[in-house]
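Written out below as structure tokens is the structure these notes cover.
Chain lettering (A, B, C, D, E, F, G, H, I and J) follows the sequence in which the chains are written, and residue indices restart at 1 in each chain.
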Amino acid sequence: MADGTKIAVLDTALIANLPASAKTLFDAKASKNLSFEAIGKELGRSEVAVAALFYGQAQASAEDIKKLASILGAPENVLSAQLAGFPDRGKAAPMPPTEPLIYRLYEIVQNYGYAYKAVLNEKFGDGIMSAISFTTNVEKEVDDEGTWAVITLRGKWLPFKRF
Amino acid sequence: MADGTKIAVLDTALIANLPASAKTLFDAKASKNLSFEAIGKELGRSEVAVAALFYGQAQASAEDIKKLASILGAPENVLSAQLAGFPDRGKAAPMPPTEPLIYRLYEIVQNYGYAYKAVLNEKFGDGIMSAISFTTNVEKEVDDEGTWAVITLRGKWLPFKRF
Amino acid sequence: MADGTKIAVLDTALIANLPASAKTLFDAKASKNLSFEAIGKELGRSEVAVAALFYGQAQASAEDIKKLASILGAPENVLSAQLAGFPDRGKAAPMPPTEPLIYRLYEIVQNYGYAYKAVLNEKFGDGIMSAISFTTNVEKEVDDEGTWAVITLRGKWLPFKRF
Amino acid sequence: MADGTKIAVLDTALIANLPASAKTLFDAKASKNLSFEAIGKELGRSEVAVAALFYGQAQASAEDIKKLASILGAPENVLSAQLAGFPDRGKAAPMPPTEPLIYRLYEIVQNYGYAYKAVLNEKFGDGIMSAISFTTNVEKEVDDEGTWAVITLRGKWLPFKRF
Amino acid sequence: MADGTKIAVLDTALIANLPASAKTLFDAKASKNLSFEAIGKELGRSEVAVAALFYGQAQASAEDIKKLASILGAPENVLSAQLAGFPDRGKAAPMPPTEPLIYRLYEIVQNYGYAYKAVLNEKFGDGIMSAISFTTNVEKEVDDEGTWAVITLRGKWLPFKRF
Amino acid sequence: MADGTKIAVLDTALIANLPASAKTLFDAKASKNLSFEAIGKELGRSEVAVAALFYGQAQASAEDIKKLASILGAPENVLSAQLAGFPDRGKAAPMPPTEPLIYRLYEIVQNYGYAYKAVLNEKFGDGIMSAISFTTNVEKEVDDEGTWAVITLRGKWLPFKRF
Amino acid sequence: MADGTKIAVLDTALIANLPASAKTLFDAKASKNLSFEAIGKELGRSEVAVAALFYGQAQASAEDIKKLASILGAPENVLSAQLAGFPDRGKAAPMPPTEPLIYRLYEIVQNYGYAYKAVLNEKFGDGIMSAISFTTNVEKEVDDEGTWAVITLRGKWLPFKRF
Amino acid sequence: MADGTKIAVLDTALIANLPASAKTLFDAKASKNLSFEAIGKELGRSEVAVAALFYGQAQASAEDIKKLASILGAPENVLSAQLAGFPDRGKAAPMPPTEPLIYRLYEIVQNYGYAYKAVLNEKFGDGIMSAISFTTNVEKEVDDEGTWAVITLRGKWLPFKRF
Amino acid sequence: MADGTKIAVLDTALIANLPASAKTLFDAKASKNLSFEAIGKELGRSEVAVAALFYGQAQASAEDIKKLASILGAPENVLSAQLAGFPDRGKAAPMPPTEPLIYRLYEIVQNYGYAYKAVLNEKFGDGIMSAISFTTNVEKEVDDEGTWAVITLRGKWLPFKRF
Amino acid sequence: MADGTKIAVLDTALIANLPASAKTLFDAKASKNLSFEAIGKELGRSEVAVAALFYGQAQASAEDIKKLASILGAPENVLSAQLAGFPDRGKAAPMPPTEPLIYRLYEIVQNYGYAYKAVLNEKFGDGIMSAISFTTNVEKEVDDEGTWAVITLRGKWLPFKRF
């Protein structure tokens, strides 16, 4: 926890859009007062992946569930039942996002979308950067100008198949 | 040009949404057969910034305009007139994007938006990553699993001001 | 309370869109019959910031929570738990707003948006006025023509970063 | 012109949404290289009002038209014909705005809408701040923290009429 | 009650969009079997204003609340608490309206909107007819052609302020 | 022309949404400098109906066309051809309206829609006020409080047919 | 029941959009295992009208309520209370409809809308076919090509009133 | 032509949404002053089908084209080229329709959609009424109550296939 | 179950959009730990059809219900009551889909829609491929390039009926 | 060309949404009277891929362009210039599609989306079927029940990457 004071909790108004596991996981995280960075380190996964898992946007393996139960002090059988299925993604954030932080990411896509496409097409040919065979992480950098957030998106390049 | 065969050109159906400079710049780029990487190197700017400039999403300085005229073999007075104002951003890509490559970036925001927010809040406190005091670049990586596109987003962290 | 008769309370139909803290805070405010101006003075924050905090649009510091509990006569541990996270902003008002008072502000953006952009660009260059590093306040003025509401928006100027 | 280098011009992709006067006025402004501040001073109107007039969002009086023709070196009969009617407002900016500068103003309404309503209701009673009997201006402030844009909105308070 | 048989009641599917007072008022009205005309006469307000008040679209004064409690046989303290705040208007009817009666009014705006604007501008200059400093009423007329509903809209004319 | 100075003309950005007759009629009206009130008096129709006819929202009879040609000094054969068909209504104003004057009418429907329905149902039974078998007019009233616009909507009452 | 096996029941996911009467009526219909045709015959109304009444889209007379109570074996006082008001129509089906059967009707309007308008205008002049003074029924026809559903729409012709 | 005075022509604002054949056909129809009924009789097709063909919503056979050229006095080779392909349906009417006549049909679907579904399901089982294997016609009826438009929709019943 | 580890369960956030049967069926499936393939084999229906039935998108025959009760160990009378009606289809997935897997299918329609239309029209004439008289299945193929999902859509060809 | 009479041509109302190559290719195809099947055979690509290429949804290799010029009798330099870039996909069909044939495909996604997801997840685990590394084809089958269109979708299975 970089700013040393607070962890993320689940906004009550979001609960209805998320799977039942979200509330269980966030409640346990709150009562243990753990950051995603701390959970990620123990779990052996990226902190973004852990947060995504909490919001129902990433899958937990059987071993993840066992470890999470232990890290969070949550009943394993409840976690197991609530995380049994395959994630039903994409329901948390309204689009366009109303949350200012998330909107800034949306704005980057809106403003630079065609620039990314042109540069990626020139570098890789006709295809896409996968959002599935994909990893991402967040770093903090500090320099003379101030503090910077750095988000890295890394996706496999998939060429359109000729047929 | 990584794939050695093609450069990005301007789709004719996009022209009506873009400033007049877009057609001038893309036409000149096509007749010189230059990639954004090549233009960026000569101009001393990132290739994504150059592509954004072509799509009317970034500002050209007076010196940029002079150099672009020379690099592209385009009449400087035309470029000067067409690039005189301040960019009117955000009009190229419909949202949600219909283009598959751009949609994948949108999907990343849709799926991971709250995860980014939670991790950024824990790392930096209450605020946003700026999309204005912001730079971005695109890299290619190749490993055993295949070819990867890596997009880096770097924005100044802006805390909400207390009042 | 300028008109000497009423304070703002929470419309029951809004509750589902807001964090749990909203109901707690508004209920306590109602039973103490306090205006935002009165709370703001005791808390040492702007009355608009206090109202924003009540609607889940601004963060409360640990000290704010302690003071609020005392000012409002609300249990500190409940407030603490409900205000523990980072605000998930932007969910209260539908857009376009249906509420006439809020719609008028929206209409100002719709009608004068490009005029503000042109004037700000000429005064400051290519950039934006931050809505994050931002403060705002509301004043009342009375003159021969009648009564006037004056809203001041003050945001840091952020130039687009060249890259 | 605060940054001493550039004036606002009309983005060609906006022309189809605006009345014919917009192009005439902006073209003349560009060829005279005048800022809105300069035009406003000569015309005796606020620079925001002048920009709004250029974008078809404010009315020009017969005297305004005469003066504008002289200030801009534009044919008075053309201006007269193109500015003859009553403004058909609200068509320039798509809502939600895609332009980042204008979006920030929209976001202020989205995030602080209910806070403004609560504070205004407590200060003035049940009513609205008029966007018609309304003036606005833009100022620049510089302090230790940096440069600030300050937008003031001043509208007559209209109470809901009892019936 | 013109047709002598029925009074308006609250559709159960609307309740979630309305303030808590709506259900209290409509339930009491139903058990007293009172029309809005009858309530309006006793209250000394227009029947449309009374219906608007029931739907949360108009404010009740302290005296209105006292009278309503007596007319409707409803507990004054409940009404007082539920009607304490300022109306949060505009949430009852989806737009475009799906209800045929309300849609016809919407269609009048859609079809005659510019005609009203042209005629009002010619009669009054550049401005609007206020919907805030506004009264309205409904009359029934019968002639040889049949039965007619007559809705009168009366709003203060507000000229755009020059600045 | 109540304010003695200006008549309504056709905004050039509206032309593409309207039938060809709109431009012909408005151009002729402008060159004759006639108000809708003046045209209406000579034509023997309401000024709102005339404005609606100009915007393609009302039908012109053969006699109307002959008279309009004479009043406006426009070629009868052109008017005849352009007004030959049946109006294709509803395309001028975007909904929700962006024009502030038209928006106020929309807001009246949004805020008072259910109140009108309740009162009309109680007065007339289950049915609608027709927007087809319908007339409307605009009046100006001046009293101590200021100037008022009064719009009257008069439509035949149509009961739902039992089957 | 033409196919001899099943009757229509109320989908549980629709209940929240409908008045309370819908559940009461459909539950009773289900426990009596009655088709709309059977109910319609006993009630003396068209089966489509009966189904519309069940979905809250048509009014029940006092006599209808008495008969329905008897036909369905439902408590008359509950039906009376739940059917006391005027229908609040148009809330059952989302538009565009997602249900394939209802979508086909929507598609007919989308594809043939202007053809109907042209033919109706030529046959009847400038006006509309009323959807209020309107009846409809459904028939089954069988011929060599297969089985056909035939829906008849019969509405009073309403000419636009000249004013 | 029932009302003896006018035929339907093509609104100029619709042309951009329709295939090139629409203008050719409507222009020829106008110069021959033919109703769809008259054309239908000569062509041997329903007048609604003919109108649909004119609006690009129905296919013309090679023989239809030959006959139309003769009936309308239009060059067969132009018609042949413009009607060569397969109709690209559904682009004429915006949905929801803004035209009052077409809106009434849309409202019938909105209000009675589920009633039709319930009755059709009970009569035919699980399936849909086809809008493809479909015919329709328009009739005029006059009785004591007035003039009625009767639209018949006849579509093949398609049961959902079990798999 | 191809990957040997997990079965699909019902996301709790979807329940409100689905008929009551969905929860009953999925709960029983989960407690029996059965895949759709296993259920389909026992039931004698395609696994896609079974999944569609669970999501309320396909009809169960009386015999299906009996078998499902036995396969799933669920009470037959509950299943019978919950599956008594006709499916009210189309309410599970928001459109455009937010779920990445479902979005890919949507994208195929968006990108290849006109190509399918052109090829189908050339192969079959003017008509559609039915989605009602329709079957579909899913297969897995493995080759040198990797693992492939193959979805087959098979629908009856319906020619537009000439009239 | 299965029905022996017609080939697909480009609807004139679609041209503005498509790249310039679309008109060139379709015009040449029309003047040579070639079906996509015929072109596909000569080009050595699937007929769906060829149609997609014509609509700007698939890339042409340098060799494709040479062959197309020869097959279609079109100037190679024009084709070369117009097909030089990377496809800007997804702009032809509005979503939801208004064209009945394309809508049926959309409806399949709407109705069966979650069923496909459940079955694919059980067969392949957590991932998606790629729409990029993807091929598709269309076949015609005739059996006792009639004529069937069969569309096969074949996409590489992409598992979500664990991180």
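Throughout what follows, contacts are C-beta pairs under 8 Å (C-beta built on N, C-alpha and C of every residue); 3 or more make two chains touch, one makes a residue touch a chain.
Chains and their UniProt names: A, B, C, D, E, F, G, H, I, J = Cyanate hydratase.
No experiment lies behind these values; they were computed from the predicted model shown.
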item	value
Pair joined by the larger number of C-beta contacts - A-I, H-I	H-I
Chain F-chain J separation of Cα centroids, rounded to whole Å	47
Separation of chain C from chain E, taking each centre as the mean of its C-alpha atoms, in whole Å	29
Inter-chain centre distance, chain D versus chain I - centres from mean C-alpha coordinates, in Å	54
Multi-partner residues of chain J (each touching 2 or more other chains)	5-8, 14, 48-49, 85-86, 88-90, 95-100, 103, 107, 110-111, 117-118, 121, 125, 127-128, 130-132, 134, 136, 156
Chains grouped in pairs wherever the two touch, ordered by label	A-B, A-C, A-D, A-I, A-J, B-C, B-D, B-I, B-J, C-D, C-E, C-F, D-E, D-F, E-F, E-G, E-H, F-G, F-H, G-H, G-I, G-J, H-I, H-J, I-J
Residue numbers on chain A that touch chain C, as the complex places them	5-14, 30, 97-100, 103
Contacting residues of chain D [partner chain F, same complex]	16-20, 56, 62, 84-86, 88-91, 95, 131-132
Residues of chain J touching chain I in the complex	1-3, 5-8, 14, 35-37, 47-49, 51-52, 54-55, 57, 89-90, 92-93, 95-97, 99-102, 104-125, 127-131, 134, 136, 138, 140-141, 145-157
Chain G - residues contacting chain J, complex	96, 98, 100, 103, 107, 110-111
Partner chain G, residues of chain F touching it in the complex	45-46, 48-49, 58-59, 61, 85-88, 117-118, 121, 125-128, 130, 132-137, 156, 158-163
